[in-house]
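Chain IDs A, B, C and D follow the sequence of writing; residue 1 opens each chain.
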Amino acid sequence: QDAPTIATVVKIAGIQWFNRMEEGVNQYAADTGANAFQVGPAQADPQQQAALIEDMIAQGVDALAVVPMSPEALEPVLGRAMEQGIVVITHEAASQQNTMYDIEAFVNEDFGANLMEQMAQCMGGEGEYAVFVGSLTSQTHNQWVDGAIAHQEANYPNMTLVGDKNETFDDAQQAYEAAQEVMRAFPNVRGMQGSASTDVAGIGLAVEERGMEDATCVFGTSLPSIAGQYLETGAVDGIGFWDPSVAGYAMNKVAQMVMNGEEVTDGMDLGLEGYENVTLDGKVIYGQAWVNVNADNMADYPF
Amino acid sequence: MSGGPRTEAKLTETPEFRLAIIAVAVFVLMAALSPDRFLSPQNLTSMAFQFPEFAILALAMTITMMTGGIDLSVVGVANLSAVIAATILTAFAGAGMVGGAAIMWLMIAIVAALTVGAVAGFLNGILVSRFGLPPILATLGSGLVFTGLAVAMTGGSAVMGFPAVVAVIGNSTIFHVPVPLILFALLAFGLHVLLTRTGFGLRVTMYGANPLAALFAAIDVDRILLKVYVIAGMFSSVAGLVIMSRANSAKADYGSSYLLLAVLIAVLGGVNPYGGYGRVIGVVLAVLSMQFLSSGLNMLQVSNFARELIWGGLLLLVMVINVTNWAGLRPRRAPAKAG
Amino acid sequence: MTSLLTRNETLVAVVIVLFCILAAVSDPNFLTVTTLSDLLRASIVLGIFAIGAMLVLISGGIDVSFTAVAVSAMYMTTKFSLAFWPEMPWYLIFTLSVLLGAGLGAINGLFIAGFGLPTLIVTLGTLSVFRGFLLTFVGSDRISALPPDMREFSRMVIARGTTEGGDFYNLPWSLAALVVVVGLTAFILHKTMLGRSIFAIGGSVESARRIGINVRQTQFFVYVYVGALAGLAGILHGSMNRMADPFSLVGLELSVIAAVVLGGARLIGGYGTITGTLLGVALIVLVQNSLIVIGIPSTWQSVTIGALILLGTGLPAYQAKRAAARAG
Amino acid sequence: MGSPDSAVLVEMTGVTKRYAGVTALDRVDFAVRPGEAVCLAGENGSGKSTLIKILSGVEQPSEGAIRIGGEQMRGLNPRRAASAGVMVIFQDFSLFPNLSVAENIAFASELAEHRRFFNRRAARETARKVLDRIGVDIPLDARLEQLPVAHKQLVAICRALACEARLIIMDEPTTALTEREVRRLLGIIRLLKDEGVAVVFVSHKLAEVLEVSEKVVVLRNGRKVAEGPATEFNASSLTRHMTGREVAEASPGPFNGAGETLLTVEKLDKPGAFRNVSFEMRRGEVLGITGLLGSGRTSLAKALFGLVAPASGRITLDGADVPLGDPVAAAHARIGYVPEDRLTEGLFLTQSILRNVAVGRLDSHERRGFLDMTGLVGEAADWLARLKVKTPSIAAPVTSLSGGNQQRVALARWLSRAPKLLILNGPSVGVDVGSKAEIHDIIRDLGAQGLGVIVISDDLPELLATCHRILVMRGGEMVDEIEGGSITEDDLSHKLAS
């Protein structure tokens, strides 16, 4: 029997996050001899990702591991893939219908609450805070932020959310300007939570320029390679993420399991860090794979 | 084509002919590089499903460019129409609905989307003709407004949960021909007929060639412009419906990369962005070249960034080849008049 | 048309003042040095871009590739420095980026002045080519470990502190770059034959050719100069954000052109002033950075900006049209 | 100035210019002496502009040599020609609408001096000097686009003078000017001659040609067919040389004054352009409207065709009101307007001859939006034939035609619509004598067929040759009405100027 062809299709090619994921995919290929590779569109546009998946189907891959830009937009094309007997595994798309398994590093709301918990601790449980999302159209970002707000409302009555969700278009410059504006409009803001990996970089810069490193608490999803310099100065107090290489590896592994006819069960150990005791909820496999990083442990994550 | 008032030289000297050579060359090259995969019926159908959505946007761009204008709001209009159609479908029909009722609601949604496209185009047309805004700014601004309205309506998230019948527009085939391809073919043919066979088309061309002379020739310039932008808006909303069906959802940011692509295709297809010249066949050939390239490169697992590079390079190459023969391509300016 | 032009500029100025009043009413904190210094800083990169875009518009062309030029020059410079000379002093880093920008601009110039191709099409093509080349062959990582001197530059300030009223302000040295660019461009445009030639070819290429202006050379200069400005803006952007992000900047081009046209430059060429351009930039920056203050929900921001562009360009356009109709 | 040779300022020998397929100039010899005024005459397309372009370095000759001041010029370009003292005032003036008067005047000279820096004050100084030299006063800081045509022309002349031109070449300098301004221009040309500046000019107005020039050179089909002192020519011999045949100018047949009223214009008013204009005309009448530049003729004509919206007043055609300010309605009421500027207003230059005609008839060949191509093509071809448009192919772009033929294409568009009233603004601007006479024939013919024709012109012979009645405008008002047969050219020009 030939080695199976597994295509991992990510949201966008080339950025650190997915480069790191590709390491996992390549590792998987090296470990198992499968023909596993990763592709991604040049622009962050769901339509381009759909077109790319079309091409992969036409090429006759055996399995698709997809990180959807916009899960809804991919339903039809993934449906077609499954009709043709292609194994489909997704990641970061708990709502995806046309998938065999969706792998989530964690429950999104929990992850957001986790960031909020750290921020609330840092703020001493009181004061104004603001939230940032890469785009208002990004589902995960909104879930993180909603989870965080819910956690605050339930546990920290003395904290108040100021302003709307601030949109940063996944751009550090825009995050910077938005942070400046927030600090002008709400001079008493003490906490800021970012979602896109560039958010805390922009926020951190604004904080550092104003010399408010110690007066503010900035948390968000990011990578050490992006937020590292601000973690060092304290402009950003902590970041959270999950290791995309493990997620990439996991998707490929689960795809192979499906092809082998194996089943994933609740409480199963996928043999990967953070996925030792997965929760199965319908088709969604949840791990506990988040990592909290601050100035002290950032050296452990060189990506 | 014969019989029409043609001003072009011999067939082999037209930009369209050169483009046809390029399209064939790309096809042959890709087929040679990976014959079993590129030429598989699978792949051919897949390509036919992929390009119609942005090709329709390129047609919308084409007709506005014929007048020396441009429509930068096409993607905004497409998404706004789709969001409104999707809202109707989810609010009144829902995912479970089947049969006649579902079809009826789909029809209503389609009509609503086309109306949105027409109204949006009308607005663009008013801005350009009545208020005299440069099209590039009018449609840039209105595009932001349309996209913004779609965001405001949905709060930014996707609208989904349609009856199954909606999938017909984007995902089904009739006699093995993908429906979106049929739609595109109909629109392309329609636009071709409109531009070459009707008084309206000739007026559009003449207006594009010299707006001032059109005024002096008692062409109803404002009406022409208005119609052009309405048509562009309605074409965009058709593209929006195709995208909606193919994505089984509607969202404010779908297809955001299609805007520059549509401009690129129209220009590559030989449409003179300063107005007065453009042929649908050229645009179709440009679309095909783009799609062959893009699918072929995906097959070869070439980075998608390289695709952008190659598209841009192709545009420049074609222009350099055309430049010697394309004297009419000059900014719209009175021939060096002192005044 | 002098009166109309001044009207265009005054109109923008009036809109700016009205907007400020509105903002000050909804938030008394708006009228502080903090706002001013934040807005100034946000205008640097946009302002340099706009000056370049204005120059191209004056010469009768249009350039949509300058963002790609900027990001390519910035990213390549950063990569080069990190790979070969991490200790490279900031002024050399800046020089390298400006030179790279000029080089890429020269490619535009070659197609436009050399082959005589239409500017919109060429720059549309090079936009894709430059960006595609950058991301395919140079890299696509966001680099936040910049060369130390680049980071250092971003920390260099002309003035920084807190007023007695507790308002924070911060004027980075990069603002000086904008001042220099404005001064240099004003000098070229108004005090050199080259600058007057740019106006002349924008007014009428054929006439320019006939009185012996070297049209190609002038056009070539314009695109090289604009490329150099883009290279400068790019490296400023990277250093000010302390991140070399190859995905940033591209996508801004049309807004920049809108700002320039808002300031009175015309797409047909031959007209444009630096004051108007800076006012246009100021308006766009002001609006983009004050919607939260005014209290417009983020879901409505794009509608607001779009409507403002329509209003800002619509009013003068409509006035001009009416005036033309009156004159018969 | 010893030998006769050195007295020659500019000399062309055996110059041939070939464009793809066309020989625009065929072995032409041509010389100009200092202080001499030479007139270049010839029909449309005979090669006059080409000769000028070669003299000024805009185009390179295919064969032949050019000497300026005795020096052989190889690879002549505009800058070198200018520094050798050869300056051209092109038909379109080639000025910069967006720059100031001062800059327009000083630009070329500063360029010729290889200046690197621009000094506004010095430029104003230069401009001031030349303006004084020819004794005119134009605001130095005005933007050129704000000036009337005559002033633009003066600016173009000043620019040439600023370059210390020894030879000024003018391509059809008087087409856009009215009688009075032509007088002033001719005065300036005399002034220049006295200062030793040579002038070469092209004109289709034969009277003025003979008035100021010492020497006349006639081109036909790219060849030089006649050359001699101006005194040896008169209007008809010149015409014969240009066309190779006799051209007789007829005059309009008597208008019996009967016929029904076709057009009534009542109290038409547009502040700043024309005031309280009222007149009537009948079927079959050819009505001339004349006046000096800025007298409001063009505005009035545009108002009749709806391109300008009058503030008040009324227009009735055949008893029915014509909506004001709506060209589409005017065209629908069967009014036609042939604008004065063919190139920018009249024609779609890049489009085919056929389309240029057909665009006037789209509505009547449209069935439910679709065009009946055969009908459209047939009709357009028919009109082109009736107006004797000379072209190898009606699918060729209209740019390929000569000026006279282009004007016929514009005429054909409106005639094919069977208008009741046709307004012709400058029907023979830039058209050579031969074609001009033929166009006049067409106009008279149209009148005879019962159309109302309004001819707007400042070419007095033209008005006299075509019009039954002439209205004179001054300062926006109708000041005079003259029966066509009752007046001579001299009297008419007096009335105009008074």
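By our rule, a contact is a pair of C-beta atoms (placed from the backbone, for glycine too) under 8 Å apart; a residue touches a chain by one contact, two chains touch by 3 or more.
Since this is a predicted model, take the numbers as computed values, not measurements.
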If you tally C-beta contacts per chain pair, the winner is B-C
Maximum distance between Cα centroids and chain A occurs for chain D
Between chain A and chain B, centroid-to-centroid distance (C-alpha), Å: 34
As a quick test, compute the distance in whole Å between the mean CA positions of chain A and chain D. 72
Suppose each chain is reduced to the average of its Cα coordinates; what separation in Å results between chain C and chain D? 44
Scan chain A for residues touching two or more other chains and write them down. 13-14, 42, 136
What are the residue numbers in chain D that touch two or more other chains? 90, 93-95, 97, 145, 307
Could you say which residues in chain C touch two or more other chains, in rising order? 132, 135, 140, 204, 206-207, 299, 301
If two chains touch, include that pair; go through all of them. A-B, A-C, B-C, B-D, C-D
Can you check the complex and tell me which residues of chain C touch chain A? 27, 29-30, 32, 34-35, 38, 42, 132, 135, 139-142, 144-145, 151, 168, 170, 237, 241-243, 245-248, 288-290, 292-293, 297-299, 301
Any idea which chain B residues touch chain D in the complex? 3-7, 197-200, 202-203, 205-206, 209-210, 212-220, 276-277, 328, 334-339
Could you list, by residue number, the parts of chain C that touch chain D in their complex? 1-2, 190-196, 199-200, 202-204, 206-213, 270-271, 325-326, 328
Mind listing the chain B positions that touch chain C in their complex? 72, 127, 131-134, 136-138, 140-149, 151-152, 155-156, 260, 263-264, 267, 273-274, 303, 305-313, 315-316, 319-320, 323, 329-333, 335-336, 338
Chain B partner, complex, touching residues on chain A are 13-14, 37, 39-48, 50-52, 54-60, 70, 72-77, 80, 135-139, 142
